[in-house]
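The next part holds the structures, each set out as structure tokens.
Next, two complexes with chain A in common: one pairs it with chain B, the other with chain C.
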Partner chain A sequence: MKISRKLYSYYLAWPALLIYSVFFVIPAIAGLYYSFTDWRLDRTAIKFIGWDNFERIFTDKTLLLAIKNTLIFAIATVIGKNLIGIALAVGLNMRLKTRNILRAIFYSPSILSILVISIVFTPMLRADGTINRILDAVGLHFLSQNWLTNPSVVIWTIALVSIWQQAGFQMAIYLAGLQSISKEYYEAATIDGAGAWRSFRSITLPLLLPALNINLMLTLIGGLKVFSEVFVLTGGGPGNSSQVVGTIILRSFGEGSWGLGTAVNTLLFAAVTVIAIPLLIFMRRKEVSE
Partner chain B sequence: MSYTRKLAWRGYLVEGFLILVSLAIILPLLIMIFGSFMNSTEVLKFSLRFPKEWLFSNYSMVFREGGLGRAFLNGILITGVSSILNIFTSSAAAFILVRRESKLANFLYMFFFMGLIAPMSTITTIRVVQWLGFYGSITSVILIYASLNTAFSVFLYSGFIRSIPKALDEVAFLEGANTLHVFFKIVTPLILPVNATVAIMVFMSVWNDITIPLYFLTDSSDWTMPLSVYNFYGKYSRDWNLIFADLVLTSLPVFILYLFCQKYIVSGLTAGAVKG
Partner chain C sequence: MNKTTRKASAVLLAGMMAVSLAACGSGNSKSDSSAASGNNSSGSGGNVKIELAISKSSQDSAFVQQDLLDAFEKETGIKVNLQLLPAEQTATVLQTKLAVDETPDIIQYNLASATTDLNLERNFEILDNEPWVSRILNKDVLSAYGHVYSFHVSQDTGMQGVVYNKDIFEQLGLSIPKNYDEFLAVCEKIKEAGITPVFMPYKDNWAANVWPAAAFADYADKNDPTLFDDINSNKKKWSDVPEFQTILQQQYDIYKKGYTNADILSDSYDMAVGKFLNKEVAMMFMGDWLIQDVVTKDPNMHLGLFPIPYTDDAKLGASPLGGQLFIPKKAKHMEEAKKFLDYIASKDVAQKIVNEQKYVSNLNDVQTPELPEYKQEIVDNYITPKKTVLTTDAYMLVDRSELYRLLQDEFAGGQDPKGVLSAWDDKFQQLMKDKGIEGF
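What follows is the complex of A and B.
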């Protein structure tokens, strides 16, 4: 195309390229470099120190725990948000009287700030809080917990709060996917004698793959980048038991150990890329072409 | 006949169950809303009940003490300018990248696409902003938000611009229009609904965010509402009625936006779900 070269001049793309490069790409590349240095607040000369920062990450107990917590949070929220999201979407795709109001209710927490949700849940999750009182009242006393102060459950609690807030967002994407599936497929399946589960497995799931694909990506990447929930609900505590990569970066920044902080960030970058890109390619291949 | 009855029963069962589950969503939100009108001892039960007396004064108190007027304006300025900036730059870039169909354009598209996946490198971004000389300013935060949302917006715009026939711009070119004309006179009117979608998505995510203001806004007079609330929450940790009132006020703008602009939010979600 000869004309396209002259007519669609690149200058229209420059502003976006400039803003995106200066405030996102250049810092990312600089971060890659600085993660191999002893860059600190109190140091004027920055030295290259090879893999030292990474060695420290993998020997420091708190940092290792933060990585483990981040993975737990990411996996728990990916599974929770997507299972609940699909279940809600399938249910709310049926012809129910209260369908529209229920959709709005389930979606509504996701438009609010994570900060709002986290603060609302803080008093409810105390030992004598609303949630334990409800559990007692319905005879599930054995589930009562010190949700935010027991070091071995705290990260799971934070994951539950995040699932509570965001599953409705996933539901909305699944609903959009479901609505693009033609009713005729189901009618044909019913005539052929397929039951509800069979229809779900053979029609709904395969045709829902684009929605599943985007939801898995969103929840996984979002899960690995988790920060605000932890910051507001526990600040990484009690002790360091709910630290995640995001809060460690804030702490390193505050302490002035910037080299270490960027190294943690680089690790997150690597993890997200290594997990997300193959998943993206794999899911694209499995999608049903119509 | 029996089959349709079975279906109807299944419908009631599902509906009943979903209504029950929806209580788990409503309950915490109602505790917050009712609690925001209670006095400071009544609220401490954190259970679902109407306030004995509706204290609207909590709201005026929070508004004064929490510096919310200022924070609201900061939020409007930051979200408004960054979403407008994002809409112009991203749609223009997507237009060129889609129409070019060259190797370089493809590469640039992937270059933007990486931004959807990669996490931002906060500490080095701070250094870049310091080096440019405006660390701590609202301008820096606006530019950072514009850049963080570029990937998503370019991705969304590309999908829509691809569906606009190229013949439309070719006719205009033949009549002597230049790229800028074609973009503003032909493409922009056609993607107006997408602009609304992007504006709302960017507005909601920027309005609700606390991470960027936490790192980049050093002066509390520049803070947005959520960060002011966080500060207030630390200071008045015993007055839960005021904290709840503060949370309600912070949520109000996005809630109103959601009520009036649902259509555009749904179309944004649909684009993701159907096109993948």
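What follows is the complex of A and C.
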């Protein structure tokens, strides 16, 4: 510890802090200020209007729907990405001949641009698209859907696409976590007669908690901040039925209501903080050390 | 540092490495593109590149055809780079670009919408002193607030109604429907022949506005001439007019009765030309610009336009002239952008465009060509006998995209006509109030 302090002075952190303040802290504070103003496209003077923007947010039906959709998306993707991510990581931590190639395949969607993914998925998700045809062909006709145009299904469809894309990324982090678990534990457990499930529950899962925490945080925050998936797949449609907070912010800006847009953004920031920090503290307490 | 923290940091680092790798990928491509644009702007006499932003739905516009851009580059050394904006987001993207000073050098947009969406006066260059202005025949279609803000070689406003395939009508022995019942009968006959009667590309939600925009305007014109003034001064609401609900219900019923493409919310406007060329569809609620696009691709297609048949003897909808070119005040290559307008306005180039597009010329030294059959028909049957009416678009003072979303929502099953109109009333009130219109 002593040596490391001598080698790297704290001054080295200054450039990073400077960049962070200029691009994150200052805009965040400015945003907080603008969310209490009537800043608009067609107005030159900006007026302070107190809580008006926030009052409007909570009386706007579309916005309440967007909040609901955001929560659905966040919860569905947190569960989906992490369950599939862990399953993939555990599976691809075994000694398989095709292990490396499979890891690469499952990871690859996460490096694709969401735009590319939407171009691939949009025709597949049409009423006469590939997915419905496959469902029909295997006798699951009742599952056929207007995936992107049925208002009650659309947000789930977008969540599924997001899970498909990102689960591999979660897998990579879980794999990193799995690498750090010593083989000796499993050997000892096997000698004591523990089965696969028991080993997973009593060794893998507790020792994987640091990775789980990070993944939960990343997916939760990413889920609450969802924008691009919705934007490229449906643009918030049909009508407003797949609007999320992120697309509402864009819509407010589009209507020239910049003050309102920043207010929604401030609200999102507050919500992410209020949900994520207690969860982080709670999860950290649960971690065990080897 | 205890073990847990260390392990957590290790995992976090691994994660961050993965993230930064991904970030590096995109970072590279970004610096590539900035390097490229840097090269282009550095050589002042050499190759300058100007950016022209245009909605994807207008990509067939005469001003952005590759041979025109190539010829311009050959003559001036100025390369025109197209920014194709997604149809539904055009306004938003442009507003953002203008707000953050990331302005394109030229924008193609509709003058009427530019005044409501893009704050014309603040953001765009006044073009009164450009050399071509003295040759313009009809300055009104390019002007707002008493100044020329935009450029076009045509003065022909778009007409809106039902675009139909005359050959299919002839083959099936159909005539133009005079009212809604006749229209449904026509649809039934076409459907029986195995052709989709009406193409509704309502993934692009603005397309759902053509039927009501013309029908509302015709209703007001005949029954309540001050209606839009009353609505714009908050003396009346959209949902106060029961006929508006009927009009919306009619459009929905055409879909419900199975007279349209099946997946209307997945099909987009840019598929329309292909659908007509393949004779998959017989009709569509759209403007005559679509006919031009189809005929350009295949001169043997015979398409025509008739009024939205919501009632007896409806008039043809006339939209304000669209597709003008604008130069933002903050254009980085103002001079080159103006040169592009000069080039298009030059007699030979303009004549070529006017000939190809069959425009009614707006330049005094450019001849209007013989009009194509469909346009001559519109002139003879509707424009000369004054059977046209300006669509609601001409009266809207605020952003209409929420109305489009609500119309789309009607087809997704989320709203009934009454719901559409009262939800639009709420939004309209708010937007008008925000804009500071008297009475709200």
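Worth pointing out:
One rule holds in what follows: the second predicted complex is superposed on the first by the 275 of 290 C-alpha atoms of A that agree within 3 Å, B and C clash if a C-alpha of one lies under 4 Å from a C-alpha of the other, contacts with A are read in each partner's own complex, and residues count from 1 in each chain.
To be clear about the criterion, contacts are C-beta pairs under 8 Å (C-beta built on N, C-alpha and C of every residue); 3 or more make two chains touch, one makes a residue touch a chain.
The structure presented is a predicted model; accordingly, all values stated were derived computationally and were not measured.
When both complexes are overlaid on chain A, the residue A:168 reaches chain B alone and has no touch with chain C. In the superposed model, A:77 makes contact with neither chain B nor chain C. Contact with both chain B and chain C is seen for A:213 once the two complexes are overlaid on the shared chain. When the shared chain is aligned, chain C comes close enough to touch A:256, but chain B does not. Contact with both chain B and chain C is seen for A:111 once the two complexes are overlaid on the shared chain.
Once chain A of one complex is fitted onto chain A of the other, the partner contacts of A:227 are limited to chain B, with no touch recorded for chain C.
In the superposed pair of complexes, A:176 makes contact with chain B and with chain C alike. When the two structures are aligned on the shared chain, A:149 is found in touch with chain C, with no touch to chain B. By the document's definition of touching, of the two partners only chain B reaches A:26; chain C does not.
The partner that reaches more residues of chain A, of the two candidates chain B and chain C, is B. Residues 1, 111, 172-173, 176-177, 180, 210-211, 213-214, 250, 253, 258, 287 of chain A lie in contact with chain B in one complex and with chain C in the other. Those residues of chain C that touch chain A in the shared complex are 1-4, 7-8, 10-12, 14-15, 18, 22, 25, 86, 88-89, 91-92, 95-96, 99, 117, 119, 122, 203, 205, 262-263, 265-266, 399, 401-402, 405-406, 408-415, 423, 430-431, 434-436. Only residues 1, 3-5, 7-13, 15-17, 19-20, 22-28, 30-31, 34, 88, 91-92, 94-98, 102, 105-106, 108-109, 111-117, 119-121, 123-124, 129-130, 133, 164, 168, 172-174, 176-177, 180, 196, 209-211, 213-214, 217, 221, 224-225, 227-228, 231-232, 249-250, 252-253, 258, 261-262, 265-266, 268-269, 272-273, 276-277, 280, 284, 287 of chain A touch chain B when the two sit together in their complex. Every residue of chain A that touches chain C in the complex is listed here, in rising order: 1, 38, 40-43, 56, 61, 110-111, 122, 126-128, 146, 148-151, 169, 172-173, 176-177, 180, 210-211, 213-214, 218, 235-241, 250-251, 253-258, 287-290. Of all residues in chain B, only 10-11, 14-15, 17-19, 22, 24-29, 31-32, 46-47, 85, 88-90, 92-93, 95-97, 99-102, 108, 111-112, 115-129, 132, 143-144, 146-148, 150-151, 154, 169-170, 173, 178-180, 182-183, 204, 207-211, 214-215, 226, 229-230, 233, 240, 243-244, 247, 250-251, 254-255, 258, 266, 269-270, 272-276 touch chain A in the complex they form.
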